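Both complexes below contain subunit A, partnered by subunit B and then by subunit C.
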Partner chain A sequence: MQTLTMTRFLTALLVWTLMAPGSGGRGRGTAWPTHTACRNEGLEVLYQSCDPLQDFGFSVDQCSKQLKPNLRIRLGIILREDIRELYLDISLISKGTSVLHYSYPICEADLPKFSFCGKKKGEQVYYAGPVNNPGFEIFKGEYQILLELYNEKRATVACANATVICS
Partner chain B sequence: MTPSQVLAGTLLPAMAFLACVRPESWEPCVEVVPNITYDCMEQNLYKIPSSIPSSAKHLDLSFNPLMFLGSQSFTSFPELEVLDLSRCEIQKIEDDAYWGLHYLSTLILTGNPIKNLAPGAFSGLLSLQKLVAVEINLSSLENFPIGHLKTLKELNVAHNLVRSFKLPEYFSHLNNLEYLDLSNNKIQNIYHKDLHVLYNNSKLSLDLSLNPIDFIQPGAFDKMRLQGLTLRSNFDNTSVMKTCIQGLAGLEVNQLVLGEFKNERYVEEFDKSALQGLCTLTIEEFRLSYLDDFPKNINGLFNCLVNVSAVSLAHVYSRRLEGLPKDLKWQSLELVKCKVNQFPAFSIPSLKRYSFTANRGVNSFTDLTLKNLEFLDLSGNGMSFKGCCSVKDLETPNLKYLNLSFNDVISMSSNFMGLELLERLEFQHSTLKQTSQFSMFLSLSRLLYLDISYTHTHVAFHGIFSGLFSLQVLKMPGNSFKDNTLSNIFMEVTNLTLLDISECQLEHVSQGVFDKLLRLRVLNMSNNHFLLLDALSFKPLHTLQNLDCSSNRIASSNGQDLQHFPSNLTTLNLTQNPFDCSCEHQSFLQWIKDQRHLLVEAERLECAMPPDMQGKMLLSFRNATCQIPKVIIIVTVVSVLVVSVIACLVYKFYFHLMLLAGCKKYGQGENTYDAFVIYSSQDEDWVRNELVKNLEEGVPPFKLCLHYRDFIPGVAIAANIIQEGFHKSRKVIVVVSQHFIESRWCIFEYEIAQTWQFLSSRAGIIFIVLQKLEKSLLRQQVELYRLLSRNTYLEWEDHGLGRHIFWRRLRKALMDGKSWNPEEQQMQKTARKKQPL
Partner chain C sequence: MAPEVSCCFLVVLLSASCEVITSSDQMCIEKEANRIYNCENLGLSEIPDTLPNTTEFLEFSFNFLPTIQNTTFSGLINLIFLDLTRCQINWIHENAFQSHPQLSTLVLTGNPLIFVAETALNGPKSLKHLFLIQTGIFSLEFIPAHNLKNLESLHLGSNHISSIKFPKDFPTGNLKVLDFQNNVIHYLSREDMDSLKPATKLSLNFNGNDIQGIEPGAFQSMVFQSLNFGGTVNLSVIFSGLHNSTIQSLWLGTFEDTEDQDLSSSMFEGLCEISVESMNLQKHSFSSLSSATFQCFTHLQELDLTGNHLKELPPGIKGMNSLKKLVLNVNKFEQLCQINADSFPSLTHLYIKGNIKKLQLGAGCLEKLENLQKLDLSHNDIEASDCCNLQLKNLSHLQSLNLSYNEALGLRNEAFKACPQLKLLDLAFTQLHINFPQSPFQNLHLLQVLNLSHCFLDTSNQYLLAGLPNLRHLNLQGNRFQDGNIPKTNLFQMVGSLEILVLSSCDLSFIDQEAFHGLGNMIHVDLSHNNLTSSSINALSQLKGTYLSLASNSICIIPPHLLPILSQQNIINLSHNPLDCTCSNIHFLTWYKENVQKLEDFKELRCANPPPLQGVQLSDVTLSCGITAVGTFFLTVFLFLLAALLIYVIKFFLRWKYQHL
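Up next, the complex of A and B:
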């Protein structure tokens, strides 16, 4: 029952973020609201868009302290840029400084791996599928993670400040 | 309420209302290139802004709620070439909406929920080449009014709701169409009649990926020629795939792309027989991208691709790539991001190009035999190479291009014997070992391009680049040099036009390093540790056009050498250097200012020294600031000189000055003599030759009372002593010597002098000790002995400095109480001259 309400909530969230693309506006200076990507016993993942242009919907299907490999995620976004090429930067932030930094190419121009590669500005992308992550146990604490997707022109496609709270 | 308040009360809301309804000006838009490019993305515009200049060529109106496009919406922008209307919530486009846009070449309509597209919506677009109509709720191509767009080259209608692949008749008019993207639609069936309009167009590339294709009617593509056909993630299972591929029979296609996407539907239990249908196709290039369930054994998989000239496999996860057909005619093979356990050392005699890049799982390279191979790219695999390189490791005698970048350790064991045809060689980011033991590139006299950047190469051997007579480009950033000095390693690479030695921790350049590089055009020395811009070393580089010395520690340059700087330079980068903007480098700073037309970001050059200039812009340095200190220095030096000269003069002419000033007034003018001299007749020589000479003839002149000269004859000696000596003299000089003590007269005179001093209470006795006295003798004269031990006396020293000091002291002592009257002086002088000795 609880999972059902959770899924409904997530779906509603995704629909809301996708249906309200123009509600933002450049240079308004207002921060986007904080969303919950997943919440389970002992683990909570919150995120906030750090792209001034838009908010987006994101959720993680499983949520446990013992992180499983190849997690399934859902991501919905309306592109503000073409993504012929797409790169992901992940930074683990501790006390304001980046402790771990990881960069990964997601879309390459030639024979891309994912079907959303090559999508156009203004097009809607909805990805529901696994991510290529290793499994590990999350230790107690609060972590700040900065995620940024950008294209070949180094223009931000999506950006999120995530907080992982493990208790 | 006063009338003015009423007026304000009505006007203010009216103005506020007017401000609200005022049509949007172009101000919220961003002017990217003045009069050409305007970006109005997501500005909440309800209308097309009318105040953007009519000269605009690029207009981005995306993410604005325009809702609909009326007739002739863009007539105010007749020059427009690119128009972006992505996600403008456009539901209706009226006839002639783009009327007047004769030069529009790109129209983007992505993400608009178009419900009503008038038949003449695109009329007037005479030059349109690219139409992006992605995700516009398009359900059929039949009703898409683009038949008249004869200039169209690219039509992108991906991500729509098109169910029928029946290409309407108007496609036969689109003779320039090169690319048709129908991916991510709802096409399930492809029939024979669907494509017949394309028979005349052999330039077309067709993308049908992500359509749920169930059925392709056999013969649908028969006798058709296409430039490209892409079918990725189209089939639900192997049997559908097999029958659909069979349906492609008779197609002649330049490039065929099959495969899947990782996140879309995929074929489970892929069967090798699925590709059997390809035997009936004529394919030039075959590409397979991501098959989730790729067979572990590829035996027979490529049986129908024997005659293909190029094959690419990307994201194909097969442990072993063995069992290829024997008689392959492949000329090019590409394996990208595949997971394989062993380096696939295929033996395909026809192969000319082989790329094996970014594959994971292979640890080491094994020997390769490909006699016709000209191009070999093995980059990004993290492989190690036990030996590199000779025809033994690479049996590829025709190789012209070799790329071993982004691998693990490469041991340089031979000097490319048998690979003399190489023209291009890349090793970047691999670790090169044994680079200092021999000239590893000795055989490569045809090599034009060499990249050994970030290879951990430590250059300690002068012959490292021996043999590279044709080399034009040498890139070696991120390495190191012995003693951090750029040594003479470029003696044989005389054809070099580009040299990159950035990030090499270099501090010095040896003399004559660039002497042979007479064709060099680009030199990158950035990110090193150079302290000086050594203009002299660049002297031989007459053809140099581009010099980068940014991010060094350059504070200055030798101002005189700057005249040797290459004169053909077009760009010079000196950014990120800690310049010393003090006046000693004035000529260098002036030179930089003179060269500002060459400099990259000249306005951002900063001073780091001296502290008061820190952080200031180098170009703000003014020569005038240096002139003030110069003046100060000159004035200081001159004044010090003047003062010291004056001091010397004052010292030298102290007594003359005293005379001139006449400052020492003393009332007792009645004294005839300045001093009465008591001495033993034995010391008369000294008195005559030294004392009299110096005191009476020097400046100021003193008059002495001497018994042999001034005592009046016929008067008793004692009376003379008192009358002439003591009475008329201000001072008494006692010349103490051995003879003095022995002489009774002298002692007598001295005792009188003492009594006289006591009576007249004047301190007037000056002792001159002429020679060292025996103490025992001196003790006999108890009084004298006590006096000498208590009082200061003058001691005669017969050498230069001693004499000088002696006379100054004596003069000073005598001056005490002397009256200075120039006239009297003059009188005294004349009097003395007349006085016979």
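Up next, the complex of A and C:
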């Protein structure tokens, strides 16, 4: 009886593992390509979308170890959610553990900071402009950064695994 | 050998027969049976046959429907809401929605529309909301106007529209919301606006258009619910253009990524000729701020100056006697007195949130605001060793006070004596220094809601909550209790009127059986994210008909005598506990099956034990702990064999003994 039960359990598990990657739309199960956000004089920023549904485009205009304040970026993405409210979570990961976690509101109902705030699901966003960051120096090493954009329903708008290599 | 065999045998006899059912449905998600379906992101090129014809709400975005014709949705005749966002639609042919009389909302956002047939939108008896955002529209003539007489909202954002002039036959009479965000409209003429004259109480959105000119008189004697000119550089164009109009809410803010021009006093001259109730100027800068800047603000009821780089408001602003609501969030004040509150004697709502500098409350800075009902001073790094009577002097009508997300505050007895009418007090994430046995909230007779989450409270002070006869809602999330215990004598004895109590993330490991005695009105108890085991459930025996959350605790086995306590509650959340799915927990597992309708988040009730069932949903586990028919058979055979063996051994022993006589 036990063996029968175990067999059924294992069969179900096998069926599930076989079916799971195939469920849902295209792109699931396969990773998006890694892009270069910038590469310049000893600093390289690579990123990969971790949203299973879609990729996005991102670049930083200046790229230097002495990071300037108010960097200009370019970002192109299709919204899969309304962004009346939009928040950014940044996690700095070193050797698999989160070292620093930071959350920043980009669009709020009572303070839409950027002109794209309030865009609707299905709209395309192309943003080329400043990001209001402080300036700081990047020390030598390799850093993993997880960035996530999400709205008030905690639905993912964008997700990126970034690697910063400073040599 | 023998004990091993029998052990194995016993395991076979008593082992749970478990079943795991996993279904992986690739099709649409049923959100409400026969009514609401979600088919997003499935790459479908037609409507699945599996959808019932009773479907009313269909989310079909991110699929593939290049052409829509009258057969496309013909099976779903009861549609009320249809979302076709980003379905790569090029063509909408004649009578596409002919058989959908109920259709009220149609979302076509993000489709590269080439042509929409003249009769494409015929059919719905009352189409109310139409979304044509980013569909490549250049001209309003593109929209077939035939069947739009009931339209209440029309969303035309992110297109290439340069003129808002509607075609002659376009019915605008019922429009309430008209959204032109992010188009290329630079000029508004009288003729343009005339086509909107039939609409009453319209909300019109020109955010992200940079209006450079308005024909004089274009808005003459028109009445609007709201007007949004967000991101417009030259505000004097707007003010002079809106001459003689009536606007409930006027949004003129700008953004971080928009070129900005400093606001001067002369820019606001046109405001004297407009009737505006509420105005937002977020993220602008004033070139030189004086009392004269505000001379045309006299009729305003609400003013929002969020992120205006303000270091102070000039003293002696005349004529803002009627201002009711003032928002000064994200500015650069150093002292609360720098807002010169005397200028706004009628103020009922004041928001100073997220000040960029550390804000000092000073003494009596708001004492002239006798009518103030709501005050938000959150996220300001406020620090005060003796709060808050001097700081909030004379605010005797204050009902709602938000001091959350600040630095440390020292509170003594009757710390809020200055505002005896308080109904809501939010101190979340502000460290509070309260010495034993002080009662800082004493005499807040009307206080109903008190948020003390993450305040680093000394919870052993049983007088902490004294003097709150009407307190209904208490949040103590993230505060520690000594040794993780809530003892018999505790601070809750003072607040017998409590209805909602939040004690999540308090590192609790035990609650005394009588800890909640006297809390007879409770309707909502949140004990989630602690280390409670089932032994603490006894403390809840007084509660009946409540919402009870025990999610994310350390509950493994719930013995039968505790199940009636759970049964008498209304809704229970037991998700994310390391539940035991062996026969030692059979009573609870049986109870679970009978009470699924009471369990919130029941899909997250998972087994932690035994190892083969780890992570499996409780709903997928069937445990049979009695001896089954097969078990009985094996047991009989086993006993029979044992008897035979015994007889044989006895026989052998007797023979051996006999032989050795």
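To be clear about the criterion, the second predicted complex is superposed on the first by the 139 of 167 C-alpha atoms of A that agree within 3 Å, B and C clash if a C-alpha of one lies under 4 Å from a C-alpha of the other, contacts with A are read in each partner's own complex, and residues count from 1 in each chain.
In the analysis below, a contact is a pair of C-beta atoms (placed from the backbone, for glycine too) under 8 Å apart; a residue touches a chain by one contact, two chains touch by 3 or more.
Here the structure is a predicted model, which is why all the values come from computation and not from measurement.
J.: Would you check which partner chain A:98 touches, where first means subunit B only, second means subunit C only, and both and neither mean what they say?
T.: Neither: A:98 stays clear of subunit B and subunit C.
J.: If we overlay the two complexes on their shared chain A, which of subunit B and subunit C does A:115 touch? Say first, second, both or neither.
T.: After superposing on A, A:115 lies in contact with both subunit B and subunit C.
J.: In the superposed arrangement, does A:62 touch subunit B (first), subunit C (second), both or neither?
T.: After superposing on A, A:62 lies clear of both subunit B and subunit C.
J.: Under the stated touch criterion, name the partner, subunit B or subunit C, that contacts more residues in subunit A.
T.: C
J.: From the superposed pair, tell me which subunit A residues show up as contacts to subunit B and also as contacts to subunit C.
T.: Overlap of subunit B and subunit C footprints on subunit A: residues 22, 24-26, 53, 78, 80, 110-115, 119-124, 127, 129.
J.: List the residues on subunit C that touch subunit A in their complex, please.
T.: Listed in rising order, the residues of subunit C that touch subunit A are 11-12, 15, 17-22, 24-26, 41-43, 61-62, 85-86, 107, 109-110, 131, 133-134, 155, 157-158, 181-182, 207-208, 230-231, 253, 255-258, 282-283, 304, 306-307, 327, 329-330, 612, 628, 630-631.
J.: Please name which positions on subunit A make contact with subunit C in the complex.
T.: Residues of subunit A touching subunit C: 1-2, 5-6, 8-9, 12-13, 15-16, 19-20, 22-26, 53, 78, 80, 110-115, 117-124, 127, 129-130, 132.
J.: Contact residues on subunit B for subunit A in the complex?
T.: Touching subunit A: residues 41-44, 62-65, 84, 86-87, 89, 108, 110-111, 132, 134-135, 156, 159, 184, 209-210, 232-233, 257, 259, 261-264, 287, 289-290, 312, 314-315, 336 of subunit B.
J.: Could you please specify the touching residues of subunit A with respect to subunit B in the complex?
T.: Listed in rising order, the residues of subunit A that touch subunit B are 21-22, 24-26, 53, 78, 80, 110-116, 119-124, 127-129.
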